[in-house]
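Structure provided below as C-alpha cells; questions to follow.
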Amino acid sequence: MTINRLTRRLFGASVAAMALMGSYAAASAADLNALVWCDHSDPNLLKPFEDATGIKVNVKEFEGTGAGLAIVEQSQPGDWDVMVIDTVDVRRGVERNLFDALPEDQLPVAEIFPEVLMDQHSKFDGKRYGITEKFGYNTIGFNKSKVEAADMETLGVLTNDKYKGRIAIYDYYLPVMGLAAMAIGKKTSELTEADLPAIKEVLQKMKANAKALTDVVASQTALATGEADILIGGGEWVTAGIAKENPDLDFSIPKEGAVLWSQSLAMFKDSKNKDNALKFIQYIMSPEGQARLATSSCYWGMPASKAAALDADQKKILRFDEQPEFLKRAQGYPAPSEDLDKKMQDLWTAMIQGQ
Amino acid sequence: MSQASTSRIGWASVTPALLWTLVFFVVPFVAMAVMSLTQKEGGFSLAAYAQFFQNPSYWRALVNSLEVTLIVTALSVILAYPFAWILAFIVPERWQRLALMLAVLPFWTSYVVRSYSWLLVLAEKGVVNSTLVNLGLLSEPVQIANTRAATVIGFVHFFVMLLTLTIFANLKQLSPNYRKAATDLGASGFQTFIHVILPLTLPGIMVGAFLTFVLAIGDYITPQILGGNNELLMPQLIMMQIGRRGDFASASALSLILMAVVTLAYLACARWLKIERA
Amino acid sequence: MTRVLAILYALLLYGFIFLPVAVLVLFSFQGTLFPIPPFNGPSLRWYAAVLGDARLTSGLANSIVVALVTSAIATLLGFLSAWGFARFHLPASAVLRGLITLPLTVSYLIIGMGLLIFFNWIGIPKSLLAAGIGHVVINLPLCFAIIYSQMGDHQATIERAARDLGASELKVLVLVTAPMMWPALFASFFLSMTFSWDEFVISFLLTRFETTLPVEIWNLLRAGLNPKTNAVGALVFGISIILAIIFELVAFRKRPQ
C-alpha cells in the first residue's frame, strides 16, 4: 500500500470512528441511565431486567452523596433517571429539587423492615421521595479463628492495643466516625462540631493500631487473605460475600450498637423515562430483584424487603432472623450538615496523614 | 514559489496542532485556574488555596508526594544505569534488540493490573512472603503491602524500564572511541566513566529522570492500590476532592499547586531538556 | 569477574521486572476465589468469566478504537507541524514549538481535570470522544518531538529536488517527505498507541457509560476480589504481545536499511 493511500485510509477511518464515538455519546435516549453504587452493576442483577423489558440499563458508579450530587449538577437535566443514595441523604436531593415523588401504591412499602424505611429522611409533605432497597451495618468484621469473640462484643476493640497491626479500617469517614462516636457514648444523630476533638482522639488511637485503610474490595481482600483479622466498619457487606470461601469470617453487633447503613432508590424529576424508571424500581423491590441485589457480587447486604426470595443458606449468612435484635441496637448513619460534613472529612484526612 | 505562498503553507501545516493545543490544553488550563478562584455559590475567592496552606494534612500530601517521587527517581536511575550499560556494552550486539524487548515486555499489560499484581506479590500471604517463609529465610512474613515501600516498588518497577530505554539510547550514541577508552583503560576505567562517560550521558539521564518525576508525581493508581491509604499523596488528595465532595475549586487549586511544583522541577533541569533537530 | 557480576545483575533485574507479570499470569489460572497461594489450578473459569462480561469486552473494543484513532490524529498533526516548523521560517517559531510540547510537562491528572472543567462549562457531555480529545492532547507533543527531531537537512534537499521537478507542495509532503520519515512516523504512532492504551485517569474523568478497558478494570477491581482481574490482565498482555510482534514485522519490512 502506498503511503498516500494509507494516509487517506487512516484519515477515513478516523472520521468514521469519531462519528462512532460521537454516536456513543448521543445514544441512550430510550435507555435507563442510573447513577449507582457498585452492587447495582452486577450483570446477575441487571440482565434479567433488561431481558424481560428490553430496557438497556446504563450505570455509572460513584461513591458518596457529595460526589453523586456533583455528577448530577454537571449533567444536563434529563441525563439521569434513577439514583442510589444513602437514605439519610434523600433530603439533600429533595432540597435541590432533583427528585420526583414515588407512587407508594405501586411499591411494596408494607413489606419493608419499618426501621429502615426512615420516613423522617425520605418522606416530605406526605410524599415519598426515596424507597429503601438494602441495608446493613458498619460494625466489626473479623476472622473468628484469629480473635477472641468476647473482645468483639464491645467497641473498645477500636482502640484495643491487643490487636495492634491486625486491624484494617474501612476507608469511609461517615460510618467509622459514627462508630468512634458510639465508642465514647455519643449518638450518631446528635453529632456537632463540639464532638470532633473527642472523636479525633479515638480515631488517632485507632489509626495507630491499624495496618491499612481499605476500600470495599481491599477490605474483603484484607480479611480474606489474612492481611488483617479485624475490619473496623465491616459487616455483612464484607464478610457475607466471601463466607463460602472462608467460613471463619463473621461480624458482631457490639453492646454499644453499630451504625446502620441504608440505601434508597430515588427517581429524577427531569427524567425523560419515568415509566422505565418506575419499572426498574419495581423490579429492584420485587422479591427476585431484592434477592439478587442482596447477594450482588460487589457486596452483600440485607434486602430491605422481608419478602426477598433468598434461600435458607443466604438467609443464614446474612443472619436474617437476628435482624430485629440488631436493629434495636443500631443507630443511624451520621447525617451532618454540609459544613460539618466538610469538617468531618478534613478530620478524616488528618487521621490518614497521621496528624 | 513566492515567499508569501511559502509561509502560507508553513502556517497551514502548523496551525492544526497549535489550535488543538490552544483549545484543548491552554483554554482548559485557564478554565481550571478560574475555577480554583471561584466559590461554589459563584464569586471570587482564595479559599481553595487558603485551605491548602492552612491545613497541615493538605501540606503533608505535597511533602509525601515529593518524598516518594524523589526516592523513586533516584532509585530508578541508580538501578537502570548499570542495566542499560550492560545491555549496551556487555550483551552482544545481535542480542541487544531481544534483550531490550524482553525488558519492555512485562509493561504490555494494563498498568492498573500491574499495580494490582504487585499487591498480590507483596501481600502477607503473597508469593514473596510465602516463598521466603517456606524456605525458612523468614521466620514471619514482612509487611510490605499497604506501605509506602509498596508504592515505591510499584513505581520503580515501571521507571527502571523507562530509564533503561532512555539511558541505553544515550549510551549507544556515544562515539565508540569513548567506549574503547573506557573499557581499555581497565583500572582507570572508573575515572574515565566519571569524567567522560557520565557527563556525556547526563542529558539522557536528566530527560529520563524528569519524565519519571512528572509521571510519578501525577499518578493516582499506584499509591491508591499499593499504599493502603496509610498516607495520602497529592493525586489521591485531588481525586478525593472530586470523588467524595465534588469540590472542583479545591481540586483545581491542588492541581495547579502540583503543576507549579513540576514547573519548578522543569526549570531545574531545563538546560538538558531542549528538543533539538538532528 | 565483572562479566559474571554484570550478568548476575541483569538477571536480577529481569527477575524484578518479570515477577509481577509471572504471578499475574499464574494466578489467572487459579481454580478458587482468591488469587493468592496456594495455587489450585489450572482452571480456565476466570477466562470464561472475562469473555462473558459484556462491560469488559466492550471496554476492550473501545480502547482499541480510541487508541487507533487518537494516535492517527496525533501523528498526523505532529507530522504536519514538525514539517512546517522544520521547513519554513515562521516568526516566533521557538515559542510556538514550546507551546506544542508544553503538555509533555504536565501530569495527565491535571490535563484531565482541566478538560473536565472546560467541557463542563461549554456543555460537552462526558464520552469516549471527550476522552479521545484528551488522548490527542497528551500524545501530540510526543509525536511532534519525535518527528521534529528526525527532520534532517538532507531530507530538505530531496524535497527541494522534487519541487524543482514540478511536484506540488502537497505531493512533496505525501509522496516524498512522509515515506522518508516513515520510521519516525511509525515510532510516534506506536508510542501514542501504547500511551493511549494504558491511560487511566483522563478516561476515568471524562467518560460516562462507554469507557476504556483500564477504567473497566478499575471498576472490576472495586467490585470484588477474584482472579478475573488476573485473567483480564493476562489477556491484555497476550493481545499486546501479538500486536507488538505484528508491528515489529511491519516496521522491519518498511525500514529503509
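The chains carry the letters A, B and C, assigned in the order they are written, with residues numbered from 1 in each.
One rule holds for everything that comes next: contacts are C-beta pairs under 8 Å (C-beta built on N, C-alpha and C of every residue); 3 or more make two chains touch, one makes a residue touch a chain.
Values in this document were obtained by computation on a predicted structure and should not be read as measured data.
Chain centre most remote from that of subunit B: A (centre = mean of CA atoms). Of all chain pairs in this entry, the one linked by the most C-beta contacts is B-C. Subunit B and subunit C, compared by their mean Cα positions, are separated by 16 Å. For the pair subunit A and subunit C, the distance between C-alpha centroids works out to 35 Å. Touching two or more other chains at once are residues 215, 221, 225 of subunit A.
The residues of subunit C that reach two or more other chains are 36, 221, listed in rising order. With touch defined as above, residues shared between interfaces to two or more other chains in subunit B number as follows: 123, 125-126, 242, 248.
Listed in rising order, the residues of subunit C touching subunit B in the complex are 3, 6-7, 9-10, 13-14, 16-21, 23-24, 27, 35-37, 77-78, 80-81, 83-90, 96-97, 99-111, 113-115, 117-119, 121, 133-134, 136-137, 140-141, 144-145, 148-152, 163, 169, 173, 197-198, 200-201, 205, 213-214, 217-218, 221, 229-230, 232-234, 236-237, 240-241, 244. Chain contact summary for the complex, subunit B toward subunit A: residues 55-58, 60-61, 64, 119, 123-126, 143, 145-146, 228-232, 237, 240, 242-248. The touching residues of subunit B, counted against subunit C in their complex, run 1, 6-7, 9-14, 16-18, 20-22, 24-29, 31-32, 35, 79, 82-83, 86-87, 90-91, 101-103, 105-106, 108-114, 116-118, 120-121, 123, 125-127, 130, 157, 160-161, 214-215, 217-221, 225, 235, 238-239, 242, 248, 251-252, 255-256, 258-259, 262-263, 266, 275-278. Touching subunit C in their complex are the following residues of subunit A: 3-4, 7, 10-11, 13-14, 17-18, 20-22, 24-25, 28, 33, 38, 41-43, 58-61, 74-76, 79, 215-217, 220-221, 224-225, 241-242, 245, 297-299.
On the side of subunit C, the complex with subunit A involves touching residues 32-34, 36, 53-55, 65-66, 68-69, 72-73, 76, 120, 123, 125, 127-130, 132, 174-175, 178-179, 182, 208-210, 219, 221-225.
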